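Multiple structures are listed underneath, in structure tokens.
Common to both upcoming complexes is chain A, partnered first by chain B, then by chain C.
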Partner chain A sequence: MLGGVFHAAVLFLVAAGLQLVFGVQRILNLACGSFYALGAYFGVSAVTWALGAGLPAPLFVVVLLGAGLALAAIGPPLERLLRTIYDRDESFQLLLTFALVLMFEDVIRFFWGTAPYQLGQAYLIYGQWRIGGSVVPVYNLVVIAAGGLIALGMGWFLARSRFGRIVRATAENREMSEALGVDMTRVYARVFTLGVALGTVGGALVIPATAATNEMGIELIVEAFAVVVIGGLGSMRGAFAGALIVGLMKASAIAIYPEVEMLAVYVVVISVLVLRPSGLFARATA
Partner chain B sequence: MARVIAVLLGVALLAAPLVLPRYQITLLLPSFAYGIALLGLNLLFGTTGLLSFGHALFVALGAYTAAYLTTGFGVRHFELIVVGAALVAVVVAVPVGLLCVRYVKIYFGMLTLAFGMLFYSFLYKFYTVTGGDEGMRVLRPMLLGQPLAGLNKVDFLTGPFYYYALALLALAALVMHRIVRSPFGLCLRAIRENPEKAEALGVSARRHRFGAFLIAAVFGAVGGTLLGVPTGLADPLLAYWTHSGNLVFMLLLGGFDHFLGPVVGAIVFIFLQDLIMSLTSYWRFVFGAILAVLVIFVPRGLLGLLDARTRASA
Partner chain C sequence: MRTTRRGFLALSGAASVAAALRLDAAPALAQAGPVKIGVLAAKAGVLAPVGESGMRGVQWATDRINATGGILGRKIELVIEEESSPKDTVERFRKLALQDKVDVISGAISTGVGLALGPVAEEMQTIWLAWDATTQKGVEESMPKPKYSFRSTDNECEAVMASILTARSWKGKFRTVAGINPDYSYGRDNWAAFLAIMKKSGIEVQVVSELWPKLGATDFTAHVAALQQAKPDLIFSCFWAGDTPIFMKQAHAAGLTQSTKLVMTTGGGVHESLKKAFTPEGALLGYNCMYFEHPKASPLMKEFVRWHQEKFKEWPNYESDHGYFTVVAYKAAVERAAKAAGGKWPSIDQVIQALEGVEVESLSGSRRYREDHIMEATFFQGFTTHKNKHDFVTIDPLESMGTKQIQKPSGVGLYDWINSWKV
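Then we have the complex of A and B:
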């Protein structure tokens, strides 16, 4: 079960990035899975390098977080590229992000090759705990906590901070906020970068527990979509609830009947669409 | 203009086996298959204004129908396979379409993507039914009742099968032409331009979109049956969402607001892919860059470019 929550925490980060960008810019970013994959590979390399340079091993989480955040630097130039088609039909925006997916796949292949990358020992460095009969790596709990903290932080940021208010206002009504003196170019650049950061940090955090593979990005995006549909497009709370549902569904399906792992998730997606077409938490906040 | 292109293209493709080396002819086969599938996809995107990111579902459905009929039931008549695939496509597209056409724009795209991946995970996970990641074999079919067993594989593919596929493509194009020009096609275009106005005039947007979805599904599956024959294989990656993305890419390459855009896009895509793959192993990067340039600068595709030329010179 905790394995499911662990997966949910990572899934939430990627889905939150997707929601944020969609909520404000109205762009459904297919490339957010690629950010996740890129974060994972970059995280492995950064930690390997840092450990080689004599960093005490328990600090590797900090390096991972730092790697994820540093990688968000690709956000502004990508946003600049997307800016060329903001006034175009959303089908074209979707296609441009698909172009990014194709390109990032080969960027990863170019720098890291096709073999899976792993972070050897780091995963169990914090030891394991026994919780109710099952053994849980402490690292999983660290990531769950980090996911929870980021969720709370995002909630606070959107509801209370000055920039969060601007973001919500923009999501609500683009022209009106622009008329009131909001510099849309800067808001978009920042929101997009934040969305990228959520994806790359998610990818960096997941990597001690699994291996980085070429397909991880395009596989995760499909789950992130499921999360977003279940939760409702553009809703942060929806991303949180949806990630939990998908994470737990997957974990229990794998435990009971592995063949239906993804099928089960889609059954939920489709029933949500039939019963509550706008998702469980339609447009609560940004 | 459109008629000129159609005639030139038809003559060129008819003469191709006499002129081109056999390798290029085998490359044309998948582009005919994709051409048929894209004609259907374009009825959704170009005519109705719905972007499907799950069209690969129906292509895969067609390929697997061919695999099932040839290996499982010993049905070798390709005409029966095509009809069978069309029927299967309708059976699947009715429930899927009923759900999907309740949505438009981005939601439609996401939902079709979800259904495509649902089918993919079915193909991938249920090993005993579908062969899992190994896929299923597609045996050589009989064309018009002729067993053609005396020919070796390349002779079969570049000879009878080439012309058979070309004829099927031509037939599909004619049928689609009629559909687009029919009152039904006009209604679809009206819905694309202004759904509220179309509704006010008594055109049910949902029912027409559903009709377009069914037709697109049938074209997708018929294209899929052709796709399985040259490779002799139906594999689950045919249903993967990136394959759907590539289909949209081809459509955009050819030009979605041009009737022959889908066919031209499929041919150019396949040859371009072959060329770039022979030059670099990082062909996805090059293709991504090409797609980005297309989306930003040439959204109406190659034929759109041609139109602009002739209009400027006229």
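Then we have the complex of A and C:
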């Protein structure tokens, strides 16, 4: 089960980025998977560099987080690019963000090549724990904890902070908040950057446990969409619940009857679409 | 240096003889201009590293041939296109044949693509020399008598070899087995071949888990947990791409690799990513048809490995050998056919005839095409060791088996063939 939760934690970060950007900007960002992949590659490079520069090994998580956050700097220029399509048909959004997916794939190939990229030793630095007969790497728990903390942080941020209130107001009614003096350009740039950061931090955090491959983003984006459909488009709590459901469904399918691993997830997706088309935690749509 | 008069005369004499010879030779070879070789190399997704590796073999062969006068005096020119989905790759194959008018097409790794390219090569009447792609449906050949397509070794060769080695080394030392293989024909067929050979070898195994992650998956924590529950004595896997190190790392972190025997039929394809930190010693690891650190490597292989390491800072893997072989085999066939045709540039039918049974020195040793257009090569596997100068595992001792031993003969079904073995 912990395997499922681990997967869910990563999935949540990517799906949350997708949700946030859609909720506020009404942009369905296919490239959120690419941010995840970029974060992973950037994380490997940053940690390798930092360890080479004499950083004590157990601190590598800090470097990973830092790398993920630093990479979010690509957010504002990308948001500037997306600004050209805010008022156009959804198909333009899909085309543009899909173009970004392809471009980032080439960027990765250009800088890091095509072979899998990884951190050799880092995964087991924190050791392993024996939980109920199976061995679990402590790092998996670190990732789960980080996912949970970020979820809590996001919840607090959206519900309590001043900027969170502005974000929610914008999501509810863009014209009204603009009329009340909210600078939409800045809010959009910040929200988008935050969305990018969720993806890049997710990618950077997961990398010690896996290897960075060029297609890792594409793989996750499909699942992130399943999460979004289950949880309800644009809802943070939905992303959290959806990620948990998908992660746990997959893990239990693999444990019980592996042939239905993908089927199980999509059975849930279809049931949600039929029984509660707007998702489990959908907001009342305006 | 001072040029003496006598020396100068001798030199110019030799030069004019050479020039005269060239003049004589040129019309005899009819075609002028370069020989065009179309290349289909994967550049995106899971296949990208493999496609790049094959491309390096082709490039190296081409550079060497061009540096020594080309094929019968004609330089090779490469026209590179991408291998992607079967449909798009077929379009590019047509483009290479019709628009670029290439003499031969080399490339393609995926059997899904190969199945689509085979009939197109026949239709376009263009010679196609596959790298790793076959025209197999499952374990059966779908084009038993092709004319223009020449394809790779059977997909299940590495599983056959690994199974023979497993039976030889571990018979009586395991009973429960689990398989974790990518969820497509390659994964399913290799697992089935493994089980069939265990049975034939008189090893009674109990399958405790069969896992089929998607090709290109990057998270196996749930699979590893399922394997922990199943507690197999032996795990069989034919992962060959980026999924290999990820699975290995996550299995190691969960303590799965210490007590379990591991059979990785094709993981040597990404050998540099199998770091010592998480890859155990004593696992059976297959390198397909080239092992970069062969203790008795030929001078050719040593030269290639050195060039590869200097240029790319990487140790080459087997796909380079497939790529290299196709170019060198084509050159040998053209030369052989030209000889038979009295020195004229041969027709396509003559080249095809010469390709059948052609045998050349490739990077990994001697390789050839069978008369039914299927590649023959030597496969390399062995048990992993940490005793080397790298940060990744290598194998020692090295076991090698030829396709005569591990590939089903022409026109025989895989399982009939396995059942006909005398064990």
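Here is the rule we use: the second predicted complex is superposed on the first by the 283 of 286 C-alpha atoms of A that agree within 3 Å, B and C clash if a C-alpha of one lies under 4 Å from a C-alpha of the other, contacts with A are read in each partner's own complex, and residues count from 1 in each chain.
The definition used in the following text is that contacts are C-beta pairs under 8 Å (C-beta built on N, C-alpha and C of every residue); 3 or more make two chains touch, one makes a residue touch a chain.
Keep in mind the model is a prediction, meaning the values are calculated, not measured.
K.L.:
Based on the superposed arrangement around chain A, label chain B with chain C as either clash or fit.
P.N.:
clash
K.L.:
Could you look at A:V274 and tell me whether it touches chain B, chain C, both or neither (first, second, both, neither)?
P.N.:
Touch partner of A:V274: chain B, not chain C.
K.L.:
So, A:A73: does it touch chain B (first), chain C (second), both, or neither?
P.N.:
In the superposition, A:A73 contacts neither chain B nor chain C.
K.L.:
Could you tell me if A:E261 is touching chain B, chain C, both of them or neither one (first, second, both, neither)?
P.N.:
both
K.L.:
After lining up the shared chain so the two structures overlap, which partner does A:E105 touch, if you call chain B first and chain C second: first, second, both or neither?
P.N.:
Both: A:E105 reaches chain B and chain C.
K.L.:
Go through the superposed model and pick first if A:S91 touches only chain B, second if only chain C, both, or neither.
P.N.:
The first partner, chain B, only.
K.L.:
So, does A:A211 touch the first partner chain B, the second partner chain C, both, or neither?
P.N.:
In the superposition, A:A211 contacts chain C only.
K.L.:
For A:L81, is the partner it touches chain B (first), chain C (second), both, or none of the two (neither)?
P.N.:
So A:L81 only meets chain B here.
K.L.:
Is A:L28 contacted by the first partner chain B, the second partner chain C, both or neither?
P.N.:
After superposing on A, A:L28 lies in contact with chain B but is clear of chain C.
K.L.:
Report for A:V229: first if it touches chain B alone, second if chain C alone, otherwise both or neither.
P.N.:
A:V229 sits against chain B, while chain C stays out of touch.
K.L.:
Between the stretches 117-125, 189-197 or 261-269, which region of chain C is in steric conflict with chain B after the superposition?
P.N.:
The overlap with chain B comes from chain C residues 117-125.
K.L.:
Where on chain A do the contacts from chain B and from chain C line up?
P.N.:
In chain A, residues 105, 109, 218, 258-259, 261-262 are touched by chain B and also by chain C.
K.L.:
Over in the complex, which chain B residues touch chain A? Could you list them?
P.N.:
45, 51, 53, 99, 102-103, 105-107, 109-111, 113-115, 117-118, 121-122, 125-126, 241-242, 245, 248-249, 252, 281-285, 287-289, 291-292, 295-296, 299
K.L.:
Taking the touch rule as given, give the residues of chain A at its contact with chain B in the complex, in rising order.
P.N.:
Of all residues in chain A, those touching chain B are 28, 30, 81, 84-85, 88, 90-92, 94-96, 98-107, 109-110, 218, 222, 225-226, 228-229, 233, 258-263, 266, 269-270, 273-274, 277.
K.L.:
Quick check: in the complex, which residue numbers of chain A touch chain C?
P.N.:
1-4, 6-7, 10, 105, 109, 113-116, 118, 120-121, 123-124, 128, 133-137, 139-140, 206, 209-211, 213-216, 218-219, 250-251, 254-255, 258-259, 261-262
K.L.:
In their shared complex, at which residues does chain C touch chain A?
P.N.:
43-46, 48-49, 52, 209-214, 216-219, 221-226, 228-229, 241-242, 245-246, 249-250, 252-255, 270, 272-273, 275, 277-278, 314, 391
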